[in-house]
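Each chain gets a letter, A, B, C, D, E and F, in the order it is written, and its residues are counted from 1.
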Amino acid sequence: MNTVVLTDPPRPPRDVVEAFAGFGVATVHEAMGRVGSLGPDLTPIQQGVRIAGTAVTALCWPGDNLMVHAAVEQCGPGDVLVVATAAPSVHGMFGELFATALARRGVAGLVIDAGVRDTADLRAMGFPVWSRHVCAQGAVKATAGSVNLPVVIAGQVVDAGDVIVADDDGVVRVPRSGAAGALVASRARVAKEEASREAFAGGELGLDRYGLRGLLRDLGVVYRTHEEYYSSQEG
Amino acid sequence: MNTVVLTDPPRPPRDVVEAFAGFGVATVHEAMGRVGSLGPDLTPIQQGVRIAGTAVTALCWPGDNLMVHAAVEQCGPGDVLVVATAAPSVHGMFGELFATALARRGVAGLVIDAGVRDTADLRAMGFPVWSRHVCAQGAVKATAGSVNLPVVIAGQVVDAGDVIVADDDGVVRVPRSGAAGALVASRARVAKEEASREAFAGGELGLDRYGLRGLLRDLGVVYRTHEEYYSSQEG
Amino acid sequence: MNTVVLTDPPRPPRDVVEAFAGFGVATVHEAMGRVGSLGPDLTPIQQGVRIAGTAVTALCWPGDNLMVHAAVEQCGPGDVLVVATAAPSVHGMFGELFATALARRGVAGLVIDAGVRDTADLRAMGFPVWSRHVCAQGAVKATAGSVNLPVVIAGQVVDAGDVIVADDDGVVRVPRSGAAGALVASRARVAKEEASREAFAGGELGLDRYGLRGLLRDLGVVYRTHEEYYSSQEG
Amino acid sequence: MNTVVLTDPPRPPRDVVEAFAGFGVATVHEAMGRVGSLGPDLTPIQQGVRIAGTAVTALCWPGDNLMVHAAVEQCGPGDVLVVATAAPSVHGMFGELFATALARRGVAGLVIDAGVRDTADLRAMGFPVWSRHVCAQGAVKATAGSVNLPVVIAGQVVDAGDVIVADDDGVVRVPRSGAAGALVASRARVAKEEASREAFAGGELGLDRYGLRGLLRDLGVVYRTHEEYYSSQEG
Amino acid sequence: MNTVVLTDPPRPPRDVVEAFAGFGVATVHEAMGRVGSLGPDLTPIQQGVRIAGTAVTALCWPGDNLMVHAAVEQCGPGDVLVVATAAPSVHGMFGELFATALARRGVAGLVIDAGVRDTADLRAMGFPVWSRHVCAQGAVKATAGSVNLPVVIAGQVVDAGDVIVADDDGVVRVPRSGAAGALVASRARVAKEEASREAFAGGELGLDRYGLRGLLRDLGVVYRTHEEYYSSQEG
Amino acid sequence: MNTVVLTDPPRPPRDVVEAFAGFGVATVHEAMGRVGSLGPDLTPIQQGVRIAGTAVTALCWPGDNLMVHAAVEQCGPGDVLVVATAAPSVHGMFGELFATALARRGVAGLVIDAGVRDTADLRAMGFPVWSRHVCAQGAVKATAGSVNLPVVIAGQVVDAGDVIVADDDGVVRVPRSGAAGALVASRARVAKEEASREAFAGGELGLDRYGLRGLLRDLGVVYRTHEEYYSSQEG
């Protein structure tokens, strides 16, 4: 592995980043053209919390949190610490002491593709976490890795300075260079969804609203009554 | 795949269906002779909610929710939408806009053997969901499937008009034709369990209540004190 | 399988066992030198509850809870029932009737490497459970196993009379003979963590507190600014 | 569970069944309109073997092969024994002694949604097996189930008398009533594939042969040279 | 973790150990009363090989093979190296160089609850391996563990000096103190199986040979013809 | 998803690419500093084959192989087709007809993070494949994706023109720009391994060759005889 700590990664403007907290993860993901989801296996340890911040990334050896210590120093207000491992790991590599240090630095939360522990304490102190595992088993501090190089989680590359949005639906990554555009697209999508919501609440069907009846017909979908269908089957 | 939409499936009497909401999923499953459980992998996104309704089924291509749109139109008051996919899928194929449309139609909830998203919104609006995944990644609308043909989830066949009961323990399916009988059996089981509950609260043991001491003996189970056992091991 | 029920296993002094409830699972695990965690797959069905008690163990055939009935009789005040199966099992092998019997006997909770059901009822009655699955599908009572012999869960041997501590982070096992020592070590660790917590809240870094800067250097970790690093890459 | 053994299930004509052995599992699956695959988790213990036969089904309790014994008696020449369990099971529920009994009865092979053992012996005696697990751990004979009722494996219903085709790609199920039609469709598909094979061997592209260039265009797919694309990105 | 290397563990007599190579893993497992199987997830990288030897155990940190180096020195002729990790690991922690060193020392093979690599070379040099993963990703040498303390794999405790038998069905562990007895039981089982094999080859049914017809009746299993059953269902 | 097909990606010099076929995947991975492994879940459908080639990448919708058709046209002699999906997919998205087309174009093999089928035919025709699943269930051709944009498999970014090396140990990716350097490093590593092999075959220990005895001592590892250790435990 590359063993380097990168300092001072570029970050998008603060107001752009914070504006993402107004949108759900699903909305942002959709607005970007359906990319960036970190998948169903990173789940929140709390419910009803949404954060948006800039990624500080750490790549660790499985079961080894040495580089998390190095990453803490690189974190500042509004950052989200994003921890990946060089191979799958269930270890609780992060707990309440780390959260105390990060909270002091104004960090918005943690996304970790491994385990966490002290989850009751983390909830009590209001430090939001999305993780792959909850596990009491701790980590060693023996092997080098990197900070602020790109990491990959669930098939998505996350680079330092990317925007991370996380809520009950999981985590989405917005590339730093595309943050402003994704914000515009998210706003547009919300407006469009609001119109659809009203239509659906009023009884309109997606079949009509999205013009899907013709598509169904073209794909050969036919309508039969239950009775017709099963009586013809038996004939 | 068969590409047909069946309309007007027969449904059991409304009062029969609604009566199931008075029983837990485990009770109904047990009362039917231990069949119908949709297994441990369909979990509720909310806690403390129980629903009972009639299935409207949809079979979709993985990552494609075209047939969910077609299914919405077939749903009415008291129905439960049941969505299966032709192969495993983690996609969030259902979200708050679909729930808005279904709530307007009086639908009781969703059971989906794939992913959902907008879970915070779904909880906020009180639309109950049991799913295999929570995932922000959305679906396309490109491939045909079926509505109201039998689908299979976790090894159970679910047909249109079957009764679906779901709570914190998961989901159970009651065949349409067996609904009235299952209701009678569920009532009997609850009465029997109430008697057992009182007995156990009073200190009686299952060993005695269910006559298991003889079975243990027949199976060769012997009782030893901890001390006897380990001293004889060493001898 | 060995088919024996051991009665009267030795238990550590009551006050020692109860004192463990003052420490988190992660703390106890750490204090013992990082052993004893039952891993990330045994999760609580409730939130914010911590228990400590002495293990009564049962080994069952998959999908068969006959030996749970035998184990109930061996349980007394302050015990934790620990159920393992001879091979992986998703069945809901334990529910509210068992919990009624155990609560009556003063049992602190259940740890089961299989499924449970009636989870809403279990939460309502305040009986704490850590399980691998939640599943409505019940068990039979047909095959013999053992009670109070050592069982293995997640690679940890759990013997009758061992101390079990469980909270939101999972479950840890303290060997009976090491309970007093683990208690002393847990107290020492809490004191040490309290000092670290204050230091981190005051802005000190783990890099400095744990003397990791030298280790990073020895391992060849270098610091570069983001700009330096990428401009040198392109050169 | 239903505890019944059905004898004398109807079987399709012998020559129809045997003719399926001339087609690969993928071909039959495709010819039926892409249904019936028993999925990627049932794998052969041998390589390069293909069988076709009629299903005799058994539903067992996990880790319990009592009903396999009952099923053996229902098997005759050209049958394939298909074993499912009421919940997931890793046990080696079938081994060389069962195979000896089945081989004597002219049975074509075994499909089991659980474990097998004695695999070296099974390969040596040429008895073909598709299983979910290989595991030395054996089963008990304690709990009732059914024989020749429909079972579900990997989301597919398999009924007694259905045709089972299995090869290195896995297992496919052809419904008894559709066997003759599936055979005709398989023959047609093989002819069509032969034409495609020649075309592809001659250099024709699927894009042209299947008319996909227009579809790509309609879906908005554009072609760029690598150089154009990345130089425009940087601009 | 305990960080100790134990030298000179007691081993059962050489002729006892070697005699186990005459029995299959399933036979030994069965003969011991169905315990000791290391489960379906440890698979051989070769086919048709069976070994029996005495365990030298190593407990490693995930992705770290330092203690494998320490363990090599403790291995002698007829030993089997058994490697476990403190948490799940996919790393290829063992390859052809280790095998060269072990082969030189007369070691019979490797059982590892993690990954291996150089599998083509290992097969070519005839060094047998059972592993959980095959993975090219290598390990570091940074964290301490133990050699010849008991380790746990798939819920089985393996201690130094235990007998390990491995073949195409997986791996089984025979406790050192029970080796002689297990050998006697294995011989008896083989004789019994030989008799059953002849009976089954001659057409006898397990239903009759094991007296299961009465059990089926007692459990309420009824026999119906397919036609009777379905005509009564419709009535 | 981005819907673009990139043509004419830059490729490393042919002789550099082909030289990689002389090294095992584990060697190349190690030589690059332990990066680039595509993990344990991509397994070969054949045994004893090694390929090296340049990546042509395709990103498909799950269960949809439209973009594989588009990718075939971009493949030439010495290329390796690398297929990823936008979410996990078990479908057999590739079979013998595709292989016929690719073989005609001189393509070295396929790496696919989804399923394949026709595996017996693929082995018979000698077209090498590494896949995540083998599954008879086919794909549709309905949704757009990309060709020759970077894809991510098992946490590794694979870009068009990267070098792919695959053998029995799995798959490794060498970045296009680093190919020449990785080749030099691989040669150096092979030389070093050859020296170690001779040393180990001659009886030298890794403990001595790599100077690990001091490290063990520094980490607190102590040596005890088995007898000493257990007698002191009991004292």
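The definition used in the following text is that contacts are C-beta pairs under 8 Å (C-beta built on N, C-alpha and C of every residue); 3 or more make two chains touch, one makes a residue touch a chain.
This is a predicted model, so every value here is computed, not measured.
Chemist: Counting one step per pair of touching chains, how few steps separate subunit A from subunit F?
Modeler: 1
Chemist: Show which chains lie in contact with subunit B and also with subunit C.
Modeler: Touching subunit B and subunit C alike, sorted by label: A, D.
Chemist: More than half of A-F's contact pairs recur, by residue number, in one of D-F, B-D or B-C. Which one?
Modeler: Answer for the repeat of A-F: B-D.
Chemist: Quick check on subunit A against subunit B: do more than half of the interface residue numbers occur in both copies, making it same, or fewer, making it different?
Modeler: Different; most numbers are used by only one of subunit A and subunit B.
Chemist: Rounded to the nearest 5 degrees, what angle rotates subunit A onto subunit E on CA?
Modeler: Fitting subunit A to subunit E on C-alpha positions yields an angle of 180 degrees.
Chemist: Any idea how many Å lie between the Cα centroids of subunit B and subunit F?
Modeler: Chain centroid spacing, subunit B to subunit F, equals 41 Å.
Chemist: Multi-chain contacts in subunit C: which residues touch at least two other chains?
Modeler: Within subunit C, residues 34, 86, 90, 137, 143 contact more than one other chain.
Chemist: According to the definition already given, which pairs of chains are in contact?
Modeler: Every pair of chains meeting the touch criterion: A-B, A-C, A-E, A-F, B-C, B-D, B-F, C-D, C-E, D-E, D-F, E-F.
Chemist: Per the contact definition, I'd like the list of subunit B residues that touch subunit F in the complex.
Modeler: Against subunit F, the touching part of subunit B is residues 61-64, 86-91, 137, 140, 142-143.
Chemist: Help me check something: in the complex, which residues belonging to subunit B touch subunit D?
Modeler: Listed in rising order, the residues of subunit B that touch subunit D are 1-2, 33-35, 39, 84, 86-87, 152-153, 155-157.
Chemist: Which stretch or stretches of subunit B touch subunit C in the complex?
Modeler: For subunit B paired with subunit C, touching residues are 24-26, 29-30, 34, 37, 39-40, 43, 47-48, 50, 167-172, 193, 196-197, 200-207, 210, 212, 215-216, 219-227, 229.
Chemist: For a test of understanding, state which residues of subunit F touch subunit D in their complex under the given definition.
Modeler: Result: residues 3-10, 66, 69-70, 72-73, 90, 92, 95-98, 100-101, 104, 115, 117-121, 123, 133-138, 141, 143-144, 148, 160-161 of subunit F touch subunit D.
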